[in-house]
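The letters A, B and C name the chains in turn, as written, and every chain counts its residues from 1.
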Amino acid sequence: MESFNVGIITVSDKGSKGQRVDESGPAIEEMIQKIGGIVKRYVIIPDEQEQIKAELIHMSDDLGISLILTTGGTGFSKRDVTPEATMEVVQKHVPGIPEAMRARSLQITPKAMLSRAQAGIRNNSLIINLPGSPKGVRENLEVVIPALRHGIEILLGEASECART
Amino acid sequence: MESFNVGIITVSDKGSKGQRVDESGPAIEEMIQKIGGIVKRYVIIPDEQEQIKAELIHMSDDLGISLILTTGGTGFSKRDVTPEATMEVVQKHVPGIPEAMRARSLQITPKAMLSRAQAGIRNNSLIINLPGSPKGVRENLEVVIPALRHGIEILLGEASECART
Amino acid sequence: MESFNVGIITVSDKGSKGQRVDESGPAIEEMIQKIGGIVKRYVIIPDEQEQIKAELIHMSDDLGISLILTTGGTGFSKRDVTPEATMEVVQKHVPGIPEAMRARSLQITPKAMLSRAQAGIRNNSLIINLPGSPKGVRENLEVVIPALRHGIEILLGEASECART
């Protein structure tokens, strides 16, 4: 696997209405390109559970994207429903990814424990929730990147079981 | 937010029959008052899943309590069903809170990994399971307190998304 | 409790066809014997969700085994379904055990966050997913062992609530 396809979903009511410039989506793209990720689709959508689900399904089922990264909607606000949308579309949970992200962020701020981010697998796609702020995105993505290519290779059947050891 | 309402549920078969003095409920009250928490209701109920659910719903829906803290019923005993009752009434999971509590407790004792505590959100209420012993309550609540007010402010819509960064 | 019964399930397509020698099952047996575990049943089965579920239920319901350890099928491969089978048969989740295992493994390799291992309780049985490799088994089981006897004693009603403090 030399490169892999990436989808970015910025979940933000304000961003989707053009009332806020999305800095988190571009922050993801910049980091993910460095490890061979090619952004095939990037959308900004409101904090609507059905819309998030539909976009996740579209990127996975129609576009066959290997890695879908969401940013935003993982907090305590009434409108924050990104983890719920994610859990509804994945077939397998990957609890270790959000655990690792929160454990690292917790060394920076106790507020990290309020992140409700989830991760999971739908067919050939790994879906990971990232926080909403560009700073949070960078901190969290940095934690995941060292394991990311290997995870995607296993998922796509390009690495053997043995390699996991 | 200057102060916030708190509900305390001590889940204990013995405590509910008056066969054991509850030291954990008072330990919670003492700590939570220091950060502006006002205990609106405090009950001692047996380890009955339906009764725990009913009390959680009453505190959240009828009394509009912002923070509901349970103590007890998170272990391996047959009668321990507090996490199950909690997961049935919440609409959103908050995995980072029990993760942070267990990670800290694990530095004290390996038995910390046996805590099955959960946390979640139901409407305007944050629900957190704490262990049964007063010592466990103090250790765990201490971990959560630095993030608690901020979480409740976001939940009640009194803090902006940006503030989360 | 002087000793306790253990069941080992090696989940491996190749192992079940005799195309690979199972080193992980024996690694579990060696470690678990040292803390008083007596292996009552040890099977090698393919990565089939229904077959894993059936074996878990058989060991728990028919054989009354206290501790069931699985190895394999916790990764990102299409065939990896051990955590899904486990979550379908348990009545209670024990998130702290896989959290502790991953946290420790994460200090060795970032790939640890890709382990999808789960743990839970079915009646009188504690079920824990371990990774597939013998190295992973040893690393992870070492983390759990210090809390294991106590957990099983509580589960079987042989230790009091108070002892948990």
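As a working rule, a residue touches a chain if its C-beta (ideal position, glycine included) is under 8 Å from a C-beta of that chain, and two chains touch if they have at least 3 such contacts.
Predicted, not measured: the structure shown is a model, and the values here were computed from it.
> What rotation angle, rounded to the nearest 5 degrees, superposes the C-alpha atoms of chain A onto those of its identical copy chain B?
In degrees, rounded to 5: 120.
> At the interface of chain B with chain C, does the proportion of residue numbers present on both copies reach over half, so same, or stay under half, so different?
Under half shared, hence different.
> Between chain B and chain C, what is the gap in Å from one C-alpha centre to the other?
Going by mean C-alpha positions, chain B sits 29 Å from chain C.
> Give the residues of chain A that touch two or more other chains, as numbers and ranges in rising order.
Correct list: 95, 99, 103.
> Within the complex, which stretch of chain B touches chain C?
Listed in rising order, the residues of chain B that touch chain C are 75-78, 80-81, 83-84, 95, 98-99, 102-103, 106, 110-116, 118, 131-133, 135-136.
> Flag every residue of chain A that touches chain C in the complex, lowest number first.
92-97, 99-100, 103, 121, 126, 143-144, 146-147, 150-151, 154-155, 157, 161, 164-165
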